[in-house]
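Chain IDs A, B, C and D follow the sequence of writing; residue 1 opens each chain.
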Amino acid sequence: VCKYIATKMANSKYEYVRHFEKHDSCLPNCWIIVRVDGKAFHRFADAHAFTKPNDVNGIKLMTRCAHNVMTEFTEMVLAYGQSDEYSFVFKKETQAYKRRESKLMTNVASLFASSYVFHWPEFFPNVKLLYPPSFDGRVVIYPSDQNLRDYLSWRQADCHINNLYNTAFWALVQEGGLSNKEAQTRLSGTFSSNKNEILFSEFGINYNQEPEILKKGTILLRKEIAEEVTITDHKTKEPKSVTKVRKKIEAVNCDLIGDTFWVEHPYLLNTVGTC
Amino acid sequence: VCKYIATKMANSKYEYVRHFEKHDSCLPNCWIIVRVDGKAFHRFADAHAFTKPNDVNGIKLMTRCAHNVMTEFTEMVLAYGQSDEYSFVFKKETQAYKRRESKLMTNVASLFASSYVFHWPEFFPNVKLLYPPSFDGRVVIYPSDQNLRDYLSWRQADCHINNLYNTAFWALVQEGGLSNKEAQTRLSGTFSSNKNEILFSEFGINYNQEPEILKKGTILLRKEIAEEVTITDHKTKEPKSVTKVRKKIEAVNCDLIGDTFWVEHPYLLNTVGTC
Amino acid sequence: VCKYIATKMANSKYEYVRHFEKHDSCLPNCWIIVRVDGKAFHRFADAHAFTKPNDVNGIKLMTRCAHNVMTEFTEMVLAYGQSDEYSFVFKKETQAYKRRESKLMTNVASLFASSYVFHWPEFFPNVKLLYPPSFDGRVVIYPSDQNLRDYLSWRQADCHINNLYNTAFWALVQEGGLSNKEAQTRLSGTFSSNKNEILFSEFGINYNQEPEILKKGTILLRKEIAEEVTITDHKTKEPKSVTKVRKKIEAVNCDLIGDTFWVEHPYLLNTVGTC
Amino acid sequence: VCKYIATKMANSKYEYVRHFEKHDSCLPNCWIIVRVDGKAFHRFADAHAFTKPNDVNGIKLMTRCAHNVMTEFTEMVLAYGQSDEYSFVFKKETQAYKRRESKLMTNVASLFASSYVFHWPEFFPNVKLLYPPSFDGRVVIYPSDQNLRDYLSWRQADCHINNLYNTAFWALVQEGGLSNKEAQTRLSGTFSSNKNEILFSEFGINYNQEPEILKKGTILLRKEIAEEVTITDHKTKEPKSVTKVRKKIEAVNCDLIGDTFWVEHPYLLNTVGTC
C-alpha cells in the first residue's frame, strides 16, 4: 500500500511538466475569428457521392453544425460558411475560455466535427457515413471593425469566384461532354464575364438566377425576436400581455460585402467593449 | 457581369487580412504532445447513465477513437489515455503540418470527437447518443526524453490517484449507503493506504486486483510484427516464404513510470532526429 | 587548405539552427509601443549623487536620449517619459523592421542606453560616470486609439502619483528632519489631498506650482513647422518665396489625459493606416 | 486638491492596459542564446576609419563589452564573438528574469551598447566617437547540447568564411591595386582553396599564420581558478592555508567546432538542470 503514497508524491514530482505549457490568450479588444475547414473534403465528397458542383444537403449539414456551435458559444455574434469551411466571430470583449486560443479553436473544431457525424442521418438518410471526417481550425484576430468586415468580404468573394468557376466547369463536363482536363483548359485564363457567357449561351444558365445559398454562402446571426407573451401579473394576479425579446439564430443568404447588411443589423458591430 | 470581375478584384483587395494570421510552428527537435480532454464529461456521463466509478465501454470507446487518430497520424509513436483524456506523442522530428500548433491540435481534437460519435453505437448499442460531445485540445512540447517520460508518468500517476479515490468513493456510496457528501467527508484528508484499507476491510475489495485498464489507463503503441508471408519469386516464379515486418497499433495496460516499459520498447525513444 | 572547403560545407550543415528562431511580427493595424525602463536606477541615482526627489539634469538627459531615438525611427509619432522610463509610439501602419518585436525593442533599448553614456558629459559635466547603465525594453500593442490614450494616461497618472509622494517624502526627510522610515510611516495610507496639505502647511510648498516637467513628465512629438523659404523659380529663373513644411521634434510638458492635447494635435492619431 | 484623488482613481481606471502585455517566457530545459549584432556597422566602421579588413581594437572593444555583460549575468556560461556580433549562452536551467525573452534580450543589448560608448576611449584614445551605436538583439532557444554546439559552430564557421574572404579582398584592393568592384569580381565563385592560393602566391600571405583572434573569433568563458589562500582557523586561531575555487572570465581564441574544446571544458555543458 505504500505504493500509493509513493504515487501521490511521485505525481507532485512530475507536475513540473505543466510549466511547459504556453500562455496563449488573444490580445484584448480585438475580434476573434475561429475558422474551421474540412480536411481532405474532395476525397470525402467523392467517397459519399456528393452532387457536383454543389451538394445542397452537404451545405445544409454544415450550417446545422454551425448552428450547434453558435448555440454552445453564446458570445459568438455571427458565423459565415461556404463550401467546406465556416468562420465564427466572437465579440471583441468575449472572455470565453479567458480568450485562450487553444481552447477556443479546439472546442469549436471538435464540436463542429462531432456534430457533422451526429446530424449526418438527417441530411443523408440514405447514405452510409463511411468514416468520421476531421476539420482543422485556426484563430485569427482583427483589431478594427473594418478589418472584420474585410475578412468576411474576403470569404464571400472567394465563395462567388469558386462557385462561378465550379458551375461553369461542371456544366462543361456534365452537359457539354468535356473531360475534366478539357474543361479546365477551356476555363483557364477566363474572366468572370466569359464564364457567365459560356453558361448562358451554351447551357442556357443565367448565373444570376442561381440560388443565393450557392452564390453568397450562409450567414448565421442572432436575431432579436419580439414576442407577445401572456404572463400573470404579480399584484393583480390577472393575466397580462407583455413583449419579450428573445434571441434566435437565423440563417440568411445575402450579400455582406456592401453596407446594406451592416446597416440593417447595427447590433452586430455594436457590442459593448471594454474600450 | 462586370460584377464578377469586380468581385475578383475585390477579393485581392481583401486578401491583406491573411497577414493577421500567426506563425505557430513548434520549436524543432522537441517532442510534441497533443492532449484532448472531454468538455463537461461529468454531465455527459450522467446524461448517458455511465456506470460508476468507471464505465469500461466508455473507456474502450475513447481508445477506439485514439486508434483512429494514430492510424491517421503515422508520425505518432505513442498515445496514453485515462478517464476522459488522451495524450498523443509525435516523434521529435515530425514534419506533420509543418509542426504548426493550430493544425496539429485541431485536426487531432476534431477527428477524436467525430470518431466518438461515429463509433458510439459499437460500444453503446442500446444507448441513444443525446448530443455530440466536444473535446478541448492543447499542444505541449518537451525538449528531452526525460521530460517526455515525466509527462506520461504525471498522467499515469494522476490516473492511479483518481481511480483509487473514485473506487473508494463509489463503494461508500453504492455499497456503504453514504450520501455523496458523507463519502466525500469520510475520504477527505486520507492517504492512499487509508483508502485501500477502507476498500478491503469494509467492502472486501483488494484494490491491487482491480483491472489494470482502470489502475493504469491505456497505452497505444505501434508494435513491429514479423509475419511469414508467401510470395511469388521474381525469377523462378515459384512461391516462397519471406518475413515481412508490419507495424500494428496495440493497446496495453501496464506501468510506464518505471524503466521496464521503456527498456522493452527501446524504439519509442529512438526515433531518428535531425540532431 | 581543404580545411576551408570543409568549413564552408560544415557551415551549411550547421545552418539548420536558424530554423529555431521565432517569427515575432506584431499584429497589423495596431499601435506599437516600446517602453524602456532603467535597470536598478535607484542604485544608479545614489551612486551618481542625483538630487532628490528629482534630478532635473537626469530628466533632461533621458529626454536627450529619447530625442536620438525619435530621430532614428522616423515612424514614431510620439514619446512620453517620466522618472527612469520612456515610452515610444510607432504609428499603426509602421513597417519598421517588418514590425518584428525583437528588432524593435532591442534597437530602441540599445540606442537609448548608448545615447545615455554618449550625452552624459553634456548634462553632468562635473560627475564621472562610474559604470554603463542598462535599460530593459518591452513591446506592447494596442488595437484602438482609446487604448493608446489610456496607456499614455496611465503613465502620466503614475508620474503624478509618484512625484507627489516623492516630493512629500523628501520634504519630510530633508527639511522635516524625519528618517526615511519615519517619513514612510507618516505618508502611509494618506490621500493626495493629505500630501498636498503636508507640503503646504509644514513646508510652504504649493504643489500646484511645482515645475510642469516634474508633475507631467515630458512629451516628445513631431511638430509641423511652416517656413517661408526663397527658391529660384524653374521657368522665370526669378527668386520666389514658398512655404515649406518641415517636421521638428519638440518637447512639451503638459497634460495628455484630457482631450485638449489631442484636439490640438489631431495629426498624432490621424496616421494613414492600411485599414 | 481633489484632482489628485481623481488622478489616483483614474490611474486604476487606466491600469487595464497592462493586460495587453504578452507572456514571453522561454520554454524550460532549453539553452537560451541572446545574440547582439551591430546595426549598420559598415557605416560606423567607415565613419570611424576602422582598419580593413579587421580592426583589432574594434574587436577588443567588443570583447570588453561582452565581458561586462557576462559579469552582470552570472548565469551565462559562455559567449562567442566575431565581427560585429556576440552570442551569449545562458545555462539551460537559468531563472534569470524568469526566462522572459524581452527582459533578457533588451538588458543584454542595452548593456552591450552602453558599454561600447563607455569603454570606447580605452580602445580608441585618439578617435572621437561621432555618434552612439545601436545593436539589435534576439533570443534563440535550443533543446539539446548538440543543437547548442551546432549553433556555435555555425557562427565560428561563418567567422572563418568571412575572414578569409575579407583578407583576400582587401589584399587585392590595398596591395594589388584593384578597385572594390574588380576585387569582388576576382573572388566571385572561388573556393576557399583559391583564396588561400591568391593570398600566398600573389601577396606572400600564409592564411594559416594569420592571428587566431581573426580566424577563430573570441570565446569568453568562466574558468575555475584554484587559489591557495591563508585564513584563520576557527578553533585554533592559527593561520592555515586552504584552496579556494574562484570563477574568472577568460577570453580564448580557439576552435570550438571539434570535440577538443568541449572535452577540455566539460563543465560548460554539465550544468545541473531541472531535468
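Assume contacts are C-beta pairs under 8 Å (C-beta built on N, C-alpha and C of every residue); 3 or more make two chains touch, one makes a residue touch a chain.
This is a predicted model, so every value here is computed, not measured.
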| item | value |
| --- | --- |
| Chain hops separating chain D from chain B, counting only touching neighbours | 1 |
| Far-end chain from chain C, centres as C-alpha averages | B |
| Inter-copy rotation, chain A to chain D, in degrees (Cα atoms; steps of 5) | 180 |
| B-C or A-B - the one linked by more C-beta pairs in contact | A-B |
| Centroid spacing, where centroids are CA-atom means, of chain B and chain C in whole angstrom | 51 |
| Distance from chain C to chain A - Cα centre to Cα centre, in angstrom | 45 |
| Interchain centroid distance [CA atoms averaged], chain A/chain B, Å | 28 |
| Multi-chain contact sites of chain D, meaning residues that touch two or more partners | 16, 20, 27-29, 141-142, 147, 150, 275 |
| Interface residues, chain B side, partner chain D - complex | 27-30, 141-144, 146-147, 150, 275 |
| Touch list for chain D against partner chain C, complex | 1-5, 7-8, 10-11, 14-18, 20-21, 36, 39, 68, 72, 101-103, 105-107, 109-119, 129, 131-142, 147, 150-151, 153-154, 157-158, 160-161, 164, 191-193, 195-197, 257 |
| Touch list for chain B against partner chain C, complex | 16, 19-20, 22-23, 27-29, 274-275 |
